[in-house]
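What follows is a single structure, and I will ask about it in a moment.
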Amino acid sequence: MKRTSLIALVLCLVLISFAGAQAVETFKIAYIPTSIGQPNTNAWLEGMMRVFRKYPNVKVQSFDPQLRADLQVSYIDDVINQKYDAIVLQAVDAAALSASVKAAESKGIIVITVNLAVLAKHTASVQMADISAGYLVGKEMGKQLGGKGNVAIIQSPPGALLGVNREKGFRQAIAELYPNIKIVAAQSAEGWKKEIAITIMNSFLQSFKQLDGVFAVNDNMAEGAMIAAEAAGRLKDIKIWGANGQKSTLELIEQGKIAGTAYNNCYAQGTLIAEMLMERLTKHLGPSKDPETKVIQIPPFAATKETVGQIPPEDRW
Amino acid sequence: MKRNLLIYEVRLGLVLLVLMAVLTIISPSFLSLTNLSNVIWSVCFIGILSSGAIYPIITGGIDLSLGSLAALSGILVDMFMNRFGINWVVAIVLTVLIGALIGLFNGFIVAKIRVPAFVVTMAAKTYLYGVALVVSNGAMLAILKPKAFIAIGTGRLFNLPNPIYIMLVMVVLSQFLLKQTAFGRKVIAVGANEVAAKLSGIDPDSIRLLSYTLSGATTAIGGVVLASLTQQVFAAAASDIELNVLTALVIGGASLLGGKGSVVGGLLGAMIVAFITNGLNLMNVPAPYHPIVTGSVIILALLMNEGYLVPKKRKKVLGHHQAAA
Amino acid sequence: MSSHVVRWLVLLAIMIVLSLLIALVNPLFLSTGNLMKMLQEASQTGIVAVGFTLVMITAGIDMSIGAIIAVTSMVSINFISYTKLPVAVFVPITLLVGMIAGAFNGFFITRFKLPEFIVTLGTKSILSGLALVIAVKDSMGFVQNVYIQNESYLWFGSQTFGGIYRTTIAFVILGVATQLFLKNTRTGSYIYASGANPNAAKLSGINTERIVFGVYIFSGLCSSIAAIFISSRMMTAMPELGLGQEMDVIASVVLGGTAFSGGSGDIWGTMIGAVFLALIKNGILKLGISPWIQPIVIGGIIVVTVIIDVWQKKISDRLAAKAKLKKLAKASAQSAA
Amino acid sequence: METEGKSDILLECRKIVKSYNGPIVLEDVNFSVKRGEIHSLVGENGAGKSTLVKIITGAIERNSGDILFKGQALPLQYSRKYAENLGIAVIYQELSLIPGMTVAQNIFLSREPLYPHTRIINKRKMNAMAQELIDRYQFPLKPSDIIDNISIAQRQLVEILKALSGNASLMIMDEPTSSLTRTEVEMLFKIIHTLKSEGISVLYISHRMEEVYALSDRVTVLRDGKLVSVLEKEQINPAEIIRLMIGHKLEENAVYHNLPKIEGRKPVLEVEGLTSVGKFTDISFTLHEGEVLGIGGLVGSGRTELVRALYGIDPYNKGIIRYLGKPWVPSVHASIRSGIGFIPEERRIQGILAPLTIKRNISITNFDRIAPRGVIKNKQEKQLAIDGIRLVNVKPPDPEVVVGNLSGGNQQKVGLAKWLVRSLKLIFIDEPTVGIDVGTKEEIYGHIRTLAEQGVSVILVSSDLPELTRLSDRVLILRKGRIIKEFKECVLTSEKILRAASGILEEYDEA
């Protein structure tokens, strides 16, 4: 038991050293993305911080749900218990988070969702509209293909709404605008993983001697598809599109290796969210009383070799 | 033992051939050099990790920290090369050394302090993920240079991707180390009967220590290769890969109670899974059905290996419990 | 036996110390609301862990628990969204599905003597696929997660007097019942026997196959119970719900002192283990530290805890040995005289 | 308990035939046990003893022949439970108790007293019943003892109680004394006689002739699956039994009595005042080249601890050891490198690597030879295994056979072989022939003597006194960690051995 208490003491020091000084009167904001360490989630945070840095009394705490809705739910409960003032949430699932969001707002916590509005009504949702992003990709790719050809899709894991919506939009565009473009295959990459996207692309290249376009529902997987196509020496004949517009992909677009992506200015998104929050917080407005969730859509921008130049370096994430 | 395991691996090989035959019939584009090389390519990462992960398992332990460590290694090698500007060869050596050290640390807690390997390495999985986040500033970093480094993962030799050669070399080395060296034999002995091994002049602790160190080192190599072929590193890069490695090894004849197993079997196991996935992709089977088929085939493969479903007289196999005794 | 009690005390001591430290940093940690929530999370893991403990006592392992949660929650979701059946009808059916899944494991493990680990991994894979297949879909065939409104179903995940979650109550009841069952019934002792020395158990006329079979069914049952509470509490379910929870469950059981070698361990330990894990994971969020550091601290605490556990065992053993030596010395002195 | 008339016979087997698809292991064996008699069943391994027992207990079915128990004919195929319910109980060689459970739980496992109309165990009642049994036979046990914490002998008592609680009328004991000390054996014998006096028949299976000799009312001898003969009380004598079992009279040279004088040989191991607190105290002796030094004494007298310390497994507190004249600090590694070998007790737990092949088991101590640079030379390894197998003639002589599947005797031979292939100077041997049949015993004795004749020094620890006296040039008797007696001269025939043995017993019982 002596040893136990000794260890305990050590732990005590460790923990306390970690525990930052808790300012007395602060706004505590919880940032709950689908997972940390992703370019877009980091960019949103950075975008928000560009605003929050001006307010010393704002403390932002991020959480790491590792793509698990049940963890997001549990984090929100915790945020409620800890009496945070606001939550910025990129929901893994629209239904799964509804109950929690409802609870949070009823406790006077402002909830702003990113990219995906949960079913329950909440203060605001700032979206890069997934469906229209997919639609945009479909439209642009169709143009590049001259309205005909074989196209394959690298899907997100089944049930991941973000990816699913983009795919929906894409399929919709193809169906409506290009009757001569055939969607020949669709395979989903477990965990949005790049190496798996490569494997899937390989099997596409294998099964289709004539493949003209590939839509990977995020840039990461598009890069994977690119690697595979390049290795097979068929990159020239295949227009690979992604969605998000992360920095590395934009560079590949400039090099002409990737055909394009639906670029979304995550910094701007983050900044917008932060400004809305500060507005309500400083005026102590609390969650909005409006009957409907205020949805702000940031129109996606089709970044291709031609247009990518228009994206200034400071907006590249 | 050796003879039995050989038989086991041969049987596994047969299962693989049957599978390939079936796939060729179903989808003609299956049996082509490019496709086969693609499939083998897709098991490279698992193959490389298995070549080291087999050792803790044979000593009756386990290493669940593979995924986090691999990701961390990728991040480290990138940091060395592109943040500190160290020559890529040196950077890789450093990374592998660090991987070995982390493995050694796990091994120390398991062998010397005698904490169950499962808990130790599971905790390691957790905190190494944290370390990876810290080192990478929680960012997903793209590796675009040096070209030589990228070539490791993306280059080709005799029209086959480099990783295949790397994996084959590691697997062969691992198999050789296990079957043809005193060290390997000692590892097996410790797994089979620690007391007897000890009385025969083997020091189980140091054998364990070395096993985990090996596992750490090979995992680091795997991480480097993964980083090079995806040209990108981040903390969650290889999350949960350890389960796939474990599955491969156990299909390959390894027993979680120790004393049994081989990396060649592990590779065959991984390929069985990979071929199924590939076949499903070629046939464009919708995602939900992939795991169903894979799972069923795994169980069928097991049944075959245990001597069921095959006409020849079934061989009595030890159940887990007897094996434990 | 007594050594068990000691290690519980040690674990509890560590828990108390940690709680106090966390409370120092953030008093909200000790608020009823938070404690109840912590217990609720412990219960969600714990309910599964109870079944898992029995599996491990028979020297087995069940990697399919997560997938069983996924598939069973999908089953009840289907009932809710496609039928008007009352909860009292479809919840039992859901539980039955869980038991069938467990029986599937049990069958291959006992009938064909396949290694538990890999069989259950196979099952996991199959079931997680099934969960996707049966998941509620929209017109375009994409998975669409339902927002549960069925009041009587939401009852399970809701709170009751004193803010206690019903999940917690269920966990306690299940835990205590199982513990009593293990220690006081014939079947209970058969379970230990089958894990500790299967051959001997067979010699005593125990049908170990049947025991193992039953244990996997029970594990399936526990997982499906958890599925109902979790989905009710989230007011929805996803086809990937529960996947990735295996590690937490195993960790609780192992921290609770049940060995992979079988024949030892009990539910008290598992319950403490589950609460311990929930405590760290919940407490860490109270420290206001970066999510990058959190896993490092959690991993660190777990390692330190198990090391302490080993030490306390070593110490008590050493004390015992010392006492024995004293006795021997006395004896030899007498014999010399 | 009447002993007149037909009912005199409890168990009768007529013309039992058993063959495991092909080879016939039992051929027309007739066998009977009377009520309240102690009946020994002897024969070499493979003679069919265990098969016959398995058939009687219902573990396996017979091909033909009748079994009558209490005059009732038993079906061709029946379960263990069925036999148990009839009153046929077995004390298994490998103890069949559940670790972690209490004595009471083990005694009543699967027969626990339940509360009416439930499956809930009535623990109070169960413990009371256990206590009752224990008192009745005055066993040194407590119902609440956890099995892991009691001695092997006590566990055996639990086994017996387990059988008694199922009110058995025939109790089959398979090698019950293999792991018991002399005094424990005597206690067991007392118990066996108590059982007899209660009219319970005991079917006793053992390789230890002196036990068979001391206990039996009748002895049935099997050889190669055939009944050789049934000896009545007066006909029983060890030499005769061995003759019947082995089939040919043991050539005289099988009994090693022409022991060479050890004077003038150079000392190999010199030990002075070796002490390990709580294990052994002030041990001093000198072991000469080619000498077999026996160490006797009760289990727990410090014999095993002593050799473990000398071999370098366990540390010791004080004392000086000289090996080949030079000061020596033992460590397993150093020992092996300098030509010292060690054959531990409990061969299955400590000796062999059960899941590995003979070849692998032999290599384990010889990496310096088959893998000088760390890489294994397959040819040498194979050759080494073949040599080893030939040296001790393991059956089957196939290096690739898994050791776990060999008979106890052959496992021990492999354990011996891995050392014999090395050029040894000194070897420690702990309980080499536990549970091994007479024939193999003789072989192993042969190897030990051959070692000695080749100039290898041997330290032999054994509870089997004939073994000690037959093989050793000198015997040290340990008691409570001290040397209390040294025997110099040795004896020849088994009767003399038995007499000497009991003589020795008196010697150290009074000390």
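Letters A, B, C and D mark the chains in the order given here, with residues in each chain numbered from 1 onward.
Everything that follows uses one rule, which is that contacts are C-beta pairs under 8 Å (C-beta built on N, C-alpha and C of every residue); 3 or more make two chains touch, one makes a residue touch a chain.
These numbers come from a predicted model, not from an experiment.
Under the contact definition, chain A and chain B share the contacting chains C. Chains that touch both chain B and chain C are the following: A, D.
Taking the mean of the C-alpha atoms as each chain's centre, chain A and chain D sit 71 Å apart. In whole angstrom, the spacing between the mean C-alpha positions of chain B and chain D is 44.
One simple way to say how far apart two chains are is to compare their mean CA positions; for chain A and chain C this gives 33 Å. Shared interface positions of chain B, defined as residues touching 2 or more other chains, are 133, 138, 287-288, 325. Along chain C, residues 132, 199, 244, 291-294, 297, 300 each make contact with two or more other chains. Chain A has residues 36, 66, 157-158 in contact with two or more other chains. This structure has the following touching chain pairs: A-B, A-C, B-C, B-D, C-D. Of all residues in chain B, only 64, 109, 113-116, 118-120, 122-131, 133-134, 138, 240, 243, 246-247, 250-251, 255-256, 287-296, 298-299, 302-303, 306, 308, 317, 319-322, 324-325 touch chain C in the complex they form. Partner chain A is touched in their complex by these residues of chain C: 10, 13-14, 17-18, 21-22, 24-26, 28, 31, 33-34, 37, 41, 132, 135, 140, 142-147, 230, 233-242, 244, 282, 285-294, 297, 300-301, 304, 308, 311-312, 315. On the chain A side of its complex with chain B, the touching residues are 35-39, 42, 66, 155, 157-158, 185-188, 191, 194-195, 198-200, 202-207, 220, 223-224, 227, 230-232, 246-248, 251.
Chain contact summary for the complex, chain D toward chain C: residues 79-81, 84, 90, 92, 94-101, 105, 109-110, 112, 114, 119-121, 123, 146, 162, 277-278, 281, 480-482.
Taken in their complex, chain B has these residues touching chain D: 1-4, 179-183, 185-186, 188-189, 192-193, 195-203, 259-260, 318, 323, 325.
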